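Before I ask anything, here is the structure I am working with.
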Amino acid sequence: MVDIVNIRAHAKDLLEKGTVKMVLGYQRGTAGVLAEPAFITDAGQADHLVWDPTCVQNLALYLVNEKKAQSHQRDPDTRPIAIIAKGCDSRAVAVLLQERHFERKDVHVIGVSCGTLGVVDKNKLSKALNGRVATKVEPHGTDSFKVTTAEGFVDVAAADVLADRCLECACAYPAMHDVVFGEKHEDRGYPARFTALGQLEAKSEDERWAYWEGHFNRCLRCYACRSVCPMCYCPECVVDSIELMVDPTTSADEKANRIKWIERSAVASENSMYHLVRAIHLAGRCIDCAECERVCPVDIPIRMLNNKLEKEAKDMFGYEPGLDPELPSLVASFRDDDPNSFIR
Amino acid sequence: MTENVYLPKLARIASIKDEVVGARAIKTFQVEFPDGDMFEHECGQCAMISVFGKGEMMISIASSPLVKDYKQFSIMRVGKVTTAIHAMKVGDVIGVRGPYGNKFPVNDWKGKNLVFIGGGCGLAPIWPIIQTAVAQRSDFANITVFYGGRSSRDIMYRAELEKLRGVADVHLSVDQAEEGWEGYCGFVPANVMSTGVAPDNAIAITCGPPIMIKYVIQNLKGLGFADEQIYTTIENKMKCGIGKCGRCNVGKDYVCVSGPVYSWAQLKDLPQEY
Amino acid sequence: MASTPTQTPKDPSVFEPRIVAFLCKWCSSAGSDLAGVSRMQYPSNAVPITVMCSGSVSPVYILSAFNKGADGVLVSGCHPGDCHYLKGNYFARRKIFLVQKLLSFIGIEKDRFRMSWVSAAEGAKFAQVVEEFVRDIRTLGPQRKLKAKR
Amino acid sequence: MSSILKKTDLGAWAAALEAEVFAPALADGVWAYQPVAPGANDGGVALTHPNTARPPKNFAFPQREVLYTFEQLKGQAPKLTETLPNPAPVVVMGVRPCDGRGAPRNDMVFTGAFDDPYYQSRRAKTAYVGLACNTPPSPNCFCKAVGGSPSSKEGLDVQLTDLGDRYHVVAVTPRGEELIEAGGKLFAEAGAADEKESQRLHSEAAKCEQRTFGDLAAAAPALKKNFDSEMWQSLAKACIGCGICTFLCPTCHCFDISDEVTGQSPMRGERVRTWDNCQFPDFTMHSSGHNPRETLGARLRQRVNHKFLYFVENNGTQQCTGCGRCISFCPVGIDIVAVLDRMIQA
Amino acid sequence: MTARRTGVFVCHCGTNIAATVDVKRVAVEMGQEEGVVFSKDYVYMCSDPGQSSVIKAIQDNQLDGVVISCCTPTLHEKTFRDVSTEAGLNPFRCEIANIREQCAWVHSNRDEATEKALKITTSAIRRVQNNEALTPIGVPVTRRAMVIGGGIAGIQASLDLANAGLDVVLVEKQPTLGGHMLQLSETFPTLDCSQCILSPKMVEVSKNKKIKLLTDAEVTEVSGFVGNFKVKVKQKAQYVDPELCKLCDDCTHVCPVVVPNEYDQGLTGRRAIFIPYAQAIPASFNLDEKSCLGLNPVVCGKCADVCEAQAINYDVKPKTYEEDVGAIVVATGFDLYGLENMGEYGMGKYEDVLDGLAFERLCSASGATGGHVLRPSDHKEPKEVVFIQCAGSRDPENHCAYCSKICCMYTAKHAMLYKHHVPDGQAYIFYIDIRSGGKGYEEFVQRGMEKDGTVYLRGRVSKVFEKDGKIKVMGVDTLAGRTIEIDADMVVLALAMQPSKGTADVAKTLKIGRDKDGFLAEAHPKLRPVESVTAGIFLAGAAQGPKDIPETVCQASAAAAKVIQLLSKEQLEHSPAVANVRLSHCTGCEMCVDACPYEAISLTGGGKAYVNEVLCEGCGTCQATCLRAAIDVKNITQLQIFDMINASIGG
């Protein structure tokens, strides 16, 4: 069991000593049951920190943003940032290290183990509560949650409300950390990795297209899936090629010669292009925090695309992202015996 | 149904003149409207110019409203559409819709001294007033023009400015000293200051890079100009030109409709979002 | 020897696929030249784009080709170990494998996207690869899934 | 005069309408306006939805609108072809009161000094059949705080009130009357009891607990006062700039116009208008790289100010109807109610 | 600014193109393309009048880009780029659209071929319109060369280079120069003594002041690029100082260790301190640290005790040399296909089944048996010897697919030598074909058959096994169509030649390619047979493919000539079509760094990718790897490819 009191004490200590400039964590929000990001810079505020199954976000994103902000500051505070990281989040930090986005010394990872549980899926929770509104979710034993609603307490089986990714999680214990709270549980007793993916793979080609076409059709191209992803930190995304320029020094020629890989219209063809490019660009980098899928306002199962490539990379190339920051990236490496038979 | 505001008129490029060459090239285009169905405009107004296949952009109409056979645009090459139009030839056809925006209250300025202060590409929006004032010279008192570029090669409308010397007081400047340059060396605001202009019965109209405008206004205030005596234009990114696309607003004002012309009296109360 | 050119107009009922073929300069493009020198005949549907190395073919190119309306995309490079640039084709193989899996996963027919190894000596193989590819795509019909609908 | 429609007759009514009818349905886990299949019987339409993920604004203002097409042979002048839509009539059923109030606000934008022919030709063909909220469909509802109510008829053509097995139906506009007329015998005249019950539900709903930020009238002055406040930065600290909040908002209307080239020889393409978003960094970025709203804070301020200050100054009313979508769907919990609260209190 | 005044020139190539492609239509339609201001067709674009017309058109129309729609760029890209230069247009503003090999010659329907030609040409137009004007990158040159491998190939190359006045570093892995040739007894087709012709050359090397000889040494690291390589060479500890060693041989007498002598193919033994051959260069004894007992902790030390010259020192350390050179010749030679692979012929199982080199050692006067052909098992003279050709060669299923080229000749030689040593013996040769191309080679083989009575049996050996002190060889004579059984006293296998051990590592260190069989790959099989794919690195000898001594020497001299040519320039020109980083987009993720096959990219202090343009070969791997489109190869940028994709799809 993770006791928030310990985390708060640790955060307070870090801030008091000034060893970190900020603690990235979670706090209660006003918008709903999910916790919201907290940016604690003052030891006095450490008590705002919460830790419970509503801490769904992958805060590694804000490490990226902070780094970007720093590059614009004249005299940046270069002390490390402490981040509260679940298992998946810690892998995101590892990928960012692998991509030299920042250095190990720039981050202090406060790992928290999800134990046998994980975080809730908002939609599943509201379904399980049958319309009632949750105001608080706490772990209850090793396989259920105690949910508080206006009408009282409800006990909900974890398997019913855990986020899909948590159900298949193989890294509930943060591999990379400076300190860690909570224990490691080898067998969590949920379905194996890629179970959901397997069901989709088993469909026929036409069924799969029908499935994806329907989903892609619906995409608003709000890019929330991209904005929330810690790995989507490119200064200019292929979809920005429409207009965004990244730098006041960008020349007229560069702007005039921008490639329009994707048109702005949110139609199926352009949306597919967006999602396919994104999936390919995340191959070997996505660590399945599933933030992209969670934030999608129209529930597009984006995670499956990433999952597919993750699985192929694992099966065919023995590559798993976010485990070793020293390894070259999936597509920046190869083995002589990579699969060859698909080539004619 | 009323006329479709998004549909541009087709216009033929009648002449192209290189004003400035190099990295920040400026070209002046005069365009004609084939069936003579050209719109009327007022000083300070703009038009949306289309290069089909590339996009649209908002450009000040740089010819005087008194000119009835063409419209003039002076365009700096900075990005996609501007690059495309710079590559066009005489005879090529572009789209033009407009006019958009408010206008300089030139009629209210009859009998006054006009002081124009421009820098870089910022001569374009005020050029129509200069042209109008020159054409109706007797309606106005003194006309003074301050204009500067980074170097003498960056000075647009050079020949026209020289010609103007007969009827107006023209002060050209370059940012840095340069061989063969006989005018002022230094920034435009400093030129204004060192030359000195009297605020009495005067209207100052300034346009240019934001930083220049800032100092010009500061200096004009120093010279005793009242907020109401200072006019400028602001440029924000625009897509529709008709106050709907939602990006050019400064506070409640959509610059494409309520601007781009502002007196400092109006502008100083608006949020600094331009 | 070259057969005498025919003037027969195209039969509009036959579907003529539009194929983009990325050929590496040193092996596959050279292989296609050899096919030419040997006057081997193959369908004209594949339009070659010669790139320096199969390793330079970004997945985005492939996706874009489909998006712009290609019915099929071919990437061809040197055999493993033969890359003019030592190992560009190994990188290509990995990337292209992933693209192929992804395309097939979302339901794009597997046969629309092909990779082949064609050496400078394999003119006949080049002709055969194109021949087969065009044949396979003919049976699949036009690619409408990813094509921009306009 | 009001009438009664049995719930089981809703489908028949839809079928009787000479229009494309849309109603909320759950598809792929998302509540969205879906076409009601012609001939859908009682089972086909049932208004049991919470608020849809996407508001019904797209019926008059679709995410993508082709303004015109162009084609140009080399050496010749381009040819433009106007593509004004001429849609079949559309009836949107089950519109919640907050979304209903979105329509007149969008009308304000797309009419005025410059009429927008695309919006207008679609809008003229669109009718909204609303559904009063007996209970708030979302914990983030705050229609009352922005001058609306769970039974507001503003912007609707017909209002339905759920009486259990039947709807109490009120025509709000002449178009609404036509729609009811088209239903013919499906509608029975409402009895006094029904009307009373309907009223009771409305006043019951008006008492429901909702989120609020205090005095609506205080919002605009507070925002004006706090324009330069540091609070904007800290409030927006977690914002990821995604733009969900505006894409899903029933009243957000910002758009982009761009050229999409579809062929090279001859060069041809479409000029399209697409939804755009004040939360995107490139939204206001000039070619020079200068960006008047560079920070997330400035962009959050724009969104809130637009709705609660500028729109009020220009149109005399707020541009927010309290649907709560931007709160519920914000990935990081940025909460316009809380923001207003803070601003008013500051 | 992008090119705006493009010219298009469509070639008929006589009727080669025009017969299938409607060239006139191509010229007319291309004239309609955006930015094309001039377009024409002509019967032979590459002819003098054709070229002049291009020059004239460029000048008259101020063209800033031209597309020649003709044959493959391999043939005339250079021609037309030179033409452009002559017309005052940057040569990189000229592109070739291949409508002959890739179009006219492979299609027969005129409409279809024309459509395709249109697309290919449009594609080239779009590309050229975004081509930058480039100038080749100048690189200064270090006028010094390295030769790796001291076999006959390396020796010849070193001598040629030194005699041309260049400084040479010769690196040899073994303690002595000479390579395999030093193992041979007599050489075909003249049967002159191998050591007699080789030793003088070895001595010449050791005497030549221009040659720095490093034996016992291997290359461990190569950085830099053509004209400016930095090579690290690691030399094993030289426990015996060659300068001091007097070759007295006192040491071997006291050494208690005996190990098989690899220089005699294991037919004899040697001590831990030994000299590989009497003719070894450097002329010195060597201490084999693997078998010596005296090293660390000192348990033996006998040899040092007896060495009067005090040449032995157990404490010396390996040395690393750093050499700056402008070019490298790789001559790392061959090894025989491993015995262990030939189990079917009893190799490694029966003592009297030998490989060719062992047989050479049996024949050699300096060899194991003092020049007598004796069976290793019982030191008796073999009376019936079976030679099996193609042992491991030409057998794609089980062994090597290729022909080792020299085995026919040396087997004929072996049979002959055998007959000279054992006049009453009988030699049988199993063969598939006899390949005896070469001056005097066929005559040599014939002489063996006729004069020395060698029996040639065409067919494969199916089984080899020991029975009653004999080695039974079962085979089929496919010409006579009968099975054959021979009770042989000795079997000699003409094992396949394969790249020497460690070739893979050398190739990796040097970043040069290997072919499918593992031999070092030449840049072009016909036209650039001595160049590797990496500029400045050349190949010689059996490392590049099986060959005999004359061919090896030829190639060695050719490689030397190439190096001399290269290093005769003050400056080298490197292609400017290299990768280019868009700093605004680069996030410093290092993916390109990992992917670049030439290690041309590194990260700057500012965390941005930096391309060493001289190392970059322009392959574009980085371009496809970078997720952020931050790196583009000049003149084949993503934008250009995008435009080309559109053009290729048409519409």
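A, B, C, D and E are the chain letters, set down in written order, and residue numbers restart from 1 in every chain.
The rule is simple: a contact is a pair of C-beta atoms (placed from the backbone, for glycine too) under 8 Å apart; a residue touches a chain by one contact, two chains touch by 3 or more.
Note that this is a predicted model, so its numbers are computed, not measured.
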Chain pair that, of all pairs, has the most C-beta pairs in contact: C-E
Remotest chain, chain B as reference, centres from CA atoms: E
Length of the line joining the C-alpha centres of chain A and chain E, rounded to whole Å: 50
Geometric centre distance via CA averages, chain D-chain B, whole Å: 39
Centre-to-centre distance between chain E and chain B (centres being mean Cα positions), rounded to whole Å: 69
Interface hub residues of chain B, defined as touching at least two other chains: 78-79, 82-83
Overlap residues in chain A, where contacts from two or more other chains coincide: 238, 245, 247, 249-250, 252-253, 255-256, 261, 263, 267, 331-333
Overlap residues in chain E, where contacts from two or more other chains coincide: 1-2, 595, 625, 638, 642, 646, 651
Chain C-touching residues of chain E, taken from the complex the two chains share: 19-20, 72-74, 98, 100-103, 105-113, 115-116, 119-120, 123, 511-516, 521, 533, 595, 597-598, 617-621, 623-625, 633, 636, 638, 641-642, 644-646, 648-651
Complex contact set, residues of chain A against chain C: 200-201, 205-213, 238, 261-263, 267-270, 272-273, 276-277, 279-280, 283, 305, 308-309, 312-313, 316-317, 330-334, 336, 338-340, 342-344
Interface residues, chain A side, partner chain B - complex: 245, 251-253, 255-256, 258
Chain C residues touching chain A - in the complex, by the definition given at the top: 59-60, 63-64, 67, 80, 87, 90-91, 93-95, 97-110, 114-117, 129, 132, 145-149
Residue ranges of chain B touching chain D (in the complex, touch as defined): 1-2, 4-8, 10, 12, 50, 52-56, 78-79, 82, 93, 95, 210, 235-237, 239-240, 242-252, 257, 271, 273-274
